[in-house]
Every structure is written in C-alpha cells, then in structure tokens.
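What follows is a group of structures, each given as structure tokens.
Here chain A shows up in two complexes: once beside chain B, once beside chain C.
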Partner chain A sequence: MNNTTKTVLKIDNLSICFDINGKKCHAIRDLNLTVNAGELVALVGESGCGKTLCASFSMGLGPQTASLEAGSILVNGQDMTQADDAAWNTIRGKDVSMIFQEPMTSLNPLMKVGRQIAENALNRGVPKAEAKNKALEMIRLAGLPDANRIYNCYPHQLSGGQRQRIMICLALINQPKLLIADEPTTALDVTIQAQVLEIIREMCTKTGTAVLIITHDLGVVSHLCDRTYVMYAGSIVESGPTAQIIQHPKHPYTKGLLACLPDISKKGQRLENIKHSVPPLEKRPEVGCIYANRCNECMDCCTQITPQRIAFGQREIACHKYTLDNLEE
Partner chain B sequence: MNNVLLQTNHLSKIYTDDRKSVVKAVNDISLQIYQGETFGLVGESGCGKSTFGQMLVNLLEPTKGKILFEGEDIFKNKRARKEIPQKIQMIFQDPYSSLNPKRKIGWLLEESLIIHRKNLSKEQRAKIVDEMLDLVGLDESYKDRYPSQLSGGQRQRVSIAIALILNPKFVVCDEAVSALDVSVQAQILNLLHDLQEKFSLTYLFISHNLNVVSYMSDRIGVMYLGSIVELGDAVTLSKNPIHPYTKMLFSSSMNVGDADSGKVQITGELPSPSNPPSGCTFHTRCPYCTELCSSARPELQELPDGRQIACHYAQKFYQESMEKKR
Partner chain C sequence: MKYYLKKILGFIFTILLVSIITFVVFQILPGDPAQIILGVDADPAQIENLRATMNLDKGYVERYLIWLTNALKGDLGVSYRYSRAVSELISESFFVTSSLAVYSIALTILIGLPLGIFIAKNSKKKITTGISMLSQLGISVPSFCMGIVLISIFSVNLGWFDSIGYIPASESLTGWFKTMFLPSLSIAFGSSAVLARYIRVSIANQQKQDYVRTAKSKGLSEKIIMNQHILRNSLIPVITILGMLVADILGGSIIIENVFSLPGIGKLISTSITTRDLPLIQGLTVYLAGIVVICNFGVDILYSIIDPRIKTKR
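Up next is the complex of A and B:
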C-alpha cells in the first residue's frame, strides 16, 4: 500500500470564512489534519472552536454561508474541495459516514429503524433481502438484544442509548473507510456512554473503519483514541499520540484544558482555569497567536507574530514558547 | 459541622396516571444534610435526583414524607411556606432556558428583592444588585444587558447571583455546570467554592458527572430508581465503592489518567420506573445477583466505616474490599 490509499482523510491548510457585516472572519484557519486507515483520531476543543464545522466540511455538509477560502480536503484520496452535491452523494454513506450528537433528532421518526438501516445499503445497490439481513446482523453486532423486534421498532420506542446504537449501525452498514462521530455520547448517561464507545471501537476494528471522534471530553479521548488533535479557535494548536499529549502536554491551552478537569485527587484545592472564553469570530486577531489573550505564559511576540507549527517526533505544536532545540531536550 | 440543616423523612414522590400505573420517582428517602457541607447526589438520568432536588425547593409537592429545615416542617403552615423557601434556593442546569429572555439582567436580579424585601428602597435594591453582580465576577454594565447577549458561563453567573440575592442558607445546584465547557466549568466550580466559604452555604450538588461530584462534595449519595443505594463520605465512596451499582457507575466514568484495568463490566440500561424490578431494583443489571436479590428488597444498613448501603451482600463485599486493601 502506498501513502495515498492509506490516508482516508487529509485536510490541507484549510481556511473557512464567514461573512459578518461585510467583514471576512475566519472560523477555521490553516488547519491540517490526517486520518489514516484503521485509526481512532480525536479532535478536542471547547465549543465554538470550529470542530463541528471542520467535520461537516469533511462530509460536504458545510453551511452555505461559509466560504472555503483556501486549502483542500481529500477523502479517500479523492479531492473533494470543489465537489458538488452529486459528487458527494457518491461517497457519502459509502466511503464516509457520520454519527451526530443528538440520537433523538437524527433518526426519521416515521420510519422503522430497521428500514432506515437497510435503506442505506439499498441505496448502494444491495438487493432487498440481503440488505435486511445485513441490517439485522448490524443490530446484533451493536449489542442490541432481540434484533428482530428492534428492527420493527420506531425511534420513539427506543431509549437514547439504543437510538445511538442504531445510528452506529446505520453509519457502518456499508463498511465505510471513515466514520466521523460528532460528540456521539454527549447526550448519553455515563454508563451508556461507556458501552456505546466500546461498541464504536469494536465495530470499527471489525470493519476496518477509521474514526474521527469530535469531543470536548478529554476523559473519552484518553481511553479511546490513538491520536489527538487539540483545536482552539479554528486552528490546531497541538497534535500527536494521545498518551504523550495527556501525560506531557506542551501547549498552554492543552495544559489548561487538562488542569481544569475536576477529580477527587484535587479535592480542597482550587481548580486551575483558563481565563475568559473563546473569542467570537469577529473578535479574533488576524495576526499573532489566537490564544494569547487567555494564555498565562503569554510573551510580547505572541500578539505580534503568528506561531508556526513545529514538528518533533510524531507531534506538532504551534507555540512561541517552543523551538526545535528546547523540544528535543 | 454536625448541625443538621435539612432533613427528609421518608420522602416520596409518586406519579399516577389514568391507567393507574404508578411511577415512584422518589421512593422513601430519609437523609440528613449538615450545615456547611456539600452533599452530592449522583445517578443516571431518570433515577429521580432532580425530582428530589425540586421537592426541597418547593417546586414539587411530596406525595409522602416530610422535609425539615432547621428542625421545622416546611409545609407546616402558611408562614413556614412563605419564609422557609427564601432560605432554600436553586441553580438550574440550562442557563439558556432558565433566564427570562425579555428582561434585562438588572431586573431579573431585582425581582426577588421587590417581592420578598418590601421595606427596601429603590436605591438600596440597586446597591444590593451591584454588590451581587460584583461577587459573581460581572461588572455593573451587565445590568442593562439581555440574557441573549451573554455567554453560557456569564449566564450561569447570573443564575447564581439570582439564587444568592436573598441570602439563602441552602442552595440546590441541579446539574449547575453540565451545560458548560470544561474551562468555564472550572471557573464556576471555583466561584461556588468561594461563595460557600463567604456565606457559609450548604449545597446539594446534583450531577451525573462523577468527577465533578466527587471533587465538590463532602458526602455523596448514589441514587438508583428513586432510592438511595449507597451513601457515605466522598473520598471513601469514590476510592472504594461497595455497592455493585456504585462500582459500575465509577467504572464507567472516564477519567484522564485512569487505568482501564480493574473496571467492572457495564451492562444494561435503567429499567422503566413504571415497572421496576422486584426485590432489589438493581438485580437485573447486577453481576452478583442471587435468588434472594430478586425476591427481597434490601434495607439501608450501616457499615463499620460509617457508610449506608442497601445491598444484601454489603457485609461480604465490605470484608472482601478490606482484605484486598491488606
């Protein structure tokens, strides 16, 4: 296998703008992200960072008000940057599929869930009987008991956890190369969350599907993902293997995110926090580090020069604090 | 610290519908909350923790049982009904829907003063509002803004200010930080801590996020289908859970830096509360279930380390965990 077939999603220098009162505002700026076959990759950051926007552009579902300013999106080796709806329709649901945050609203309430799963296979030319069998098998794989009964249920007859499993079946029935999961467990209880994540991991290993999980929960990331991208206000500030990032965070933002997690060992101490909140689109600086106004290690150069990405080992980081020399030490 | 501030006696909330099906949302809960402590209440959604909290602030009327605040029944007479609720306030989960979008922040804060502090002049009220905003970290200019102009964290600060403006003694925080980002969540948790020290507040902290609850609370109660299954000191409980449900709950919480080993298999979902399992309500999901569990309902019993637990095999599990420690 050469490099182009191994990479299922490659986003290069992507910049996306919104037009706000006649002013162009960057929602995503110079973003690079790759997902390789069979990998579990996380995209983490606070809300308003552009995580979901990034995912929807990787599915061709970006809002019409957003304009793609620069960069390219390659899905499964195919350049989809300028693709129209017809081109997207040939790969959506087959090569790349998506699980949404709200299992309550993402299924058709008037259609039995089994048919919704089978429909996805039917659309790809699978014969009717085979599609039904495939759907039943997916339901079993998702750990739902009594597949025949579930097949004939309407969404409102199922619980949130069951619905999210149906969404997973629906997304994976065509064995896509890439699954994008946008906050798949945020709306679920902790006990159900653990089960659903385990199912995503298991089923994707079986079908060989790569997963891009979008989440704000660093706990989920540390237990599930091979690699992590930390995103802040439209840019990737740090990326690399999850274990390294969690144990030795470098970027002040990653450090901040980890430090502000409450847990029993921090009892009685004050939680560290990141001051202010993510700036709205129109207030983001054009030059300099976007994180500078919240950073507690901010230097003079941070507000004047935009930090460049530095690669070391398997990691990349964009921060003025680091140079190649002090990273390798 | 051992003064009981609030006590519930056999508190129940039972819903019935036309077809006479019965849902015991809260089933016979008796507990004490001490002055100055933070009592955490955890459980899956639908286990009745919010119903319990809402009964304490008089938003729901209990079907059975009593709530004693400083030894006085809050439903005793008209005077108690009017005065006690001022000392018990609530912070709601969703700062996007709990503030009136048509009113300015200043008015939202002033409203309860107008109703409950009739002897105050306009200037005095304005002064209290300013002080309160300052306390929660917002400046005076916010008085003239509408909720839609504020971020989630700022709105939650306003909700806190509204809850505290009548100088309550007891505050129910119902999922107060669940809708917020981690960085903002940390800011709000710190704020709640500071305010607790300053006004010697007592909190009932309801959340499904175990990390948050175990960080904030002095004691934790674990609820399952309307009943308390385990109650004890926060550190003991989270380091050494005994009840199989507590174990499952703590295993499922994904903590940064936790090892995956030693975790309990998580199975099943919360059964329908309108048709709860017989005997111990947890027996359908319990890995240690025996015949006894499906027929008899376990009562709360006290273990040597002071925790209360409702499980037939509590003593056995406790012994096992003690031996493991050695």
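Up next is the complex of A and C:
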C-alpha cells in the first residue's frame, strides 16, 4: 500500500466453506479483490456464484453456517478476518456501509425513514438535532422532493425506488470510505435503475466514497465502474479495467456473459445463453477449472489442472487458454 | 370514520347473534322455570298463572322480541331466583370479575413479556430449556388445578394468603390486593406461559428479517437492535394473542371464582344456569360478549398505534 492510493478493501486468498452433510464445500475459493479509495469497482457474476456471500463477509454479516477457512479481509487497513461483532460494530455503518438487494424489506416498517437514516449518525455520537439535519440533507442529495415530508414517512408510504434512495442515504450519512452495493437495482423498475445508479455514483464521488457494486448485469457496470471483477462459482476468473474487459474479454465465461447481453446489432437474432447453470456447492470439482463443464472452449487439461491467475498489465485472468506469451502478443 | 362505523355495526351484530343463540339454547334445555320457582308440589293453575306473567305462554319469537325491546331500553328483566333487576345484579359483581381480569392480565404481561424476551435472547443457553419446560407445564395445567395447588402452598402451608373470601377495594386496598392475588396468579400462570411462547416465536421470526440486517449494517449493538427495532415489530402478532387471552381469562374466571369463592360474574353464571334463570343468563352472556367485543376493539386500536401501516389502510 503506498501513499497515493489507499486500499479501503483488500481481500486476500479468501476461502469460505459451508458444511453440507459433514462435507466441507467451498462457496468461495481463493478469492482476491481490492478496492482503492474513491474507486468504483464491479463484482459481476451469475446468481449463486458467491457474490453476496463475499459482500456479507466484507461487512462481518456472513451467515453463521459459513466458516472462513483461509485468507484475510482488510477493511480500511484494519484486519477484520477474526473480528467479532463488537469489533465490526466500530467500523460498520461508519467506515463501511452496505445497500441491499431488497429495498422493500430492508427498512424497519414501524420506524419513520428519516429516523432510520438519522439513527446511523446518532449511533456515532452526533447530537440529535444535527443528525436530523444531516438526514434531511442526505434526502435532498438523493434527489427526493420535499425532504421534510419524506423524513416523516414510513417505508410503506414510499415506492421501491424511493426506499432504495433512503437506503443510500442511510448508508452514506457517515461518509464511509467504502460502500458495498449488493444488486442495488435488481428489484427496481428498469426506468428507475439508471437513476439510482447515477445517484450512488454522484453521492459517492462527492464524499470520496469507494463503491463495490455487486451485479449480475455487465451492462449495468459498463459505463459506471473503473474496474471489474468477473466471478464464477466462488472464484475470480478475470479482472481488470472495465473498458478492456468489455471490449476484449479473454475468459470464455466473460465472453459468454457479454454474449448474453441484448444489443441493437443483434436485433432479430436469438439471444445467446451459457449452457447449464452454476453447479451447486457439493458438486463443484476440487481440481480443474470450475467452469470446464460449461465452457465451449474446454481442453483436456481443463478438468485436471486448476488454472492459475496470470497477471498482464492491469488485468488478471485464470484460464488454461492463456499463457504470458500469448497474452502479451 | 368508515372504519369505525363498520366496527360498530359488527359489534352490534355480534351481540345480537349471541343473544339469539343463548335464547335458542335455553329453549332446548329441559326444565320449566315456573315449575322451578314454585316447586314440584305447586298447583298447576298457579304455575299457569306464573307462566302467563313471565310471558312463558307466548311464542319463542315473540318472547325474544319482548326481551330485545326491553333490553334496548336498558331493562334486562328481573332474575327469577333473586327477584331483583338483572342489571343490578351484574353491576354488583362486575367489579370483582373485572378487577380479577385486569389483575390477571397485568400479571400475565408482567410475567410473560419479560420471560418471552429472555428466552428469545438466550435461546442457546441451557437455562432456556428449563424455562421452556416450565412454560409447557404452565400451558398444560388448567387454572383451577393451579388454583388448588397455590392454595395448598400459600394458604394452607405458608399461611401467607387467605384461601377464600373477598375484601372490596373500597374497604381495604391492600386487603383487596391480597385476596385477589392467588386467583389472579392461577389464571396468569397458564396465560403468561402462552404469551411467553408467542413472544419467543415472534422475536425469532423478526430476527430473520431484512431490516435487522440493515440495522446490523449500521453497526448498532445487539441491545439497541432488540429494543429499537425487533421488539416493537414482534409485538404485533402478540397483541392478537393478548386479545384472545382476555376472552380466555374471562371464561377462566368463572371457574376460578368458584374455587376461591369470589362473588363475581362467574359465580353468578354458575348459579343462574343451575336455576334456569333465563333473564340472568341472557343478561350475563350479552354482557360478557360485549366485554369481549370491546376488548377486540381495543386490540384493533392498539394495532393502529403500534403499526403505521394499518392507519393508511383505513
């Protein structure tokens, strides 16, 4: 870590296991991920590939049934790998915040939304009146009209988009170093999705907050994020600057994901899909490339040897198709 | 406003229905009230006479309508057995029963609520298993049985409380407090166990909700999350149970008043049934139905205080 770019989230060789019928099954295997201060990073992958699990562990909110087998999690330079709830509570909501996928249920139905936002500031010792003003200010920044009225609303009086904006206010009121947004727009109307993403980007740029956006939609991240991690079945298969990944995908999985996106040039054609689906935890191979059974460029070695990460330029890729030589050409 | 109008209409309908059912059931029961009042050896002509003054010679529908019109004027008739106005008899014993009910509900909440929260908070500790077994016991032992057990422990062996007798609050407040304690406790023992279980389940359900995860993501301590977020949400289903418990407690008081010889509505009901005292039974059932309906109304209001979602639905 040098002085110019500070790392706000650094996940090293993280492995997380679930115990299924006495057998340890990897949900996340040897995962590396860093988010630098002020950066917008995307974590992309299909449903069930471990994105949310990874995010929950970065907040200390992982399910109790999951166990951290190896690796480390550094949040804002602090090692949180073995941290308990009390230690997490000192940074949660202050240095690192999270927005969840379900805006409809993520707010307490019996508490005014304004109070729920202010509560996060109050918890950090901000006086009551000031916390309220801060909350009102956040509501205004989130582009919600008539902040005073919204402040006194209960969640059921607001729409999904409005509630997600409230969640954003709630997460950003303490100007955290890092915001983890777990599929923040999946549950919203298409018309609102772009707005909400734009608000996240705008508000975070203002406060200098780094964002880790978790999504299954490469289209969402293409114009928003500086860097992208592509995740498959618990491992990062490819990472690098978003523009490079979108324009020159290397890993067959990334190519597959991109081919699945609808595009005006593909008008009239049948939309691509990747055969099969993400294998369940207990059926994932211990050796070999985990993507082999779905890969249409699969070779003999793929099922026998686990591919290692190869770094070239700002990118990293884990696939037998590539060696340092053929990448640099 | 429309909401309350609907509630009040439902209220009237329920009470009307209850009075009709009691009336019909009483017609099916064997035994002639006039015969019971005058005795087995009475002159048939005398009985006929009495039947006429009691309107017993008229048709069922007509008799019901006479009762209804009088009841609407506030006249519930005259008790056959006591020869006194029914409303007077009820108001005399009302205070005993209502204070028994309030006392037991207060005890139920005082015992059940903290107990349920305690079990929910410490669900993984061993002590919880013991408490759960105790609450199982509380649910399965009927209140009159509990009453007898309490009498034998606290009155007979320890001598702390009198087993029977009633001291009105107007005479001595501490005396009233003491005489009502054992009867209330025998009712509250079972109902607080029920309440504690519902609270435990309700809290466990709420702990899985998404908003709890949001609260955790704010870095709030477990205590704050429980007190500020989970508890209030958990109370919503519990209020329903509380409403049902009120009806239960009123029913239970009939037996408990007999066990502890309290001069309440319960005592009045059991004597009125054995003497076929129709006006008294009719008056009492309508009265009790009214109380239960009012309690449910109160529960609805409590709901709207706790849950803002209900207000907008109106």
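In this section, the second predicted complex is superposed on the first by the 322 of 329 C-alpha atoms of A that agree within 3 Å, B and C clash if a C-alpha of one lies under 4 Å from a C-alpha of the other, contacts with A are read in each partner's own complex, and residues count from 1 in each chain.
What we mean here is this: a residue touches a chain if its C-beta (ideal position, glycine included) is under 8 Å from a C-beta of that chain, and two chains touch if they have at least 3 such contacts.
Being a predicted model, the structure only gives us computed values, none of them experimental.
In the superposed model, A:Asp85 makes contact with chain C only, not with chain B.
Look at A:Gln157: by the touch rule set out above, it reaches chain C but stays clear of chain B. Of the two partner chains placed by the overlay, only chain C lies in contact with A:Leu61; chain B stays clear of it. Legend: residue contacts after superposition of the two complexes on their common chain; A:Ile264 is shown touching chain B, with no touch to chain C. Judged by the touch definition given at the top, the superposed model places A:Gly313 against neither chain B nor chain C. Residues common to the contacts of chain A with chain B and with chain C across the two structures: none. For chain A in complex with chain C, the residues that touch the partner chain are 59, 61, 85, 88-94, 97-98, 100, 102, 105-111, 116, 119-120, 123, 154, 156-157, 167, 170-171. Per the touch definition, chain B reaches chain A in the complex via residues 44-45, 151, 153, 181-187, 189-190, 193, 208-212, 214-216, 234-235, 238-239, 248-249, 251-258, 260, 266-267, 269-270.
The part of chain C that touches chain A in the complex is made up of residues 209-211, 213-222, 224, 228-229, 232-233, 306-309, 312. The touching residues of chain A, counted against chain B in their complex, run 46-47, 159, 161-162, 189-195, 216-220, 222-223, 246-247, 256-258, 260-264, 266-267, 270-274, 277.
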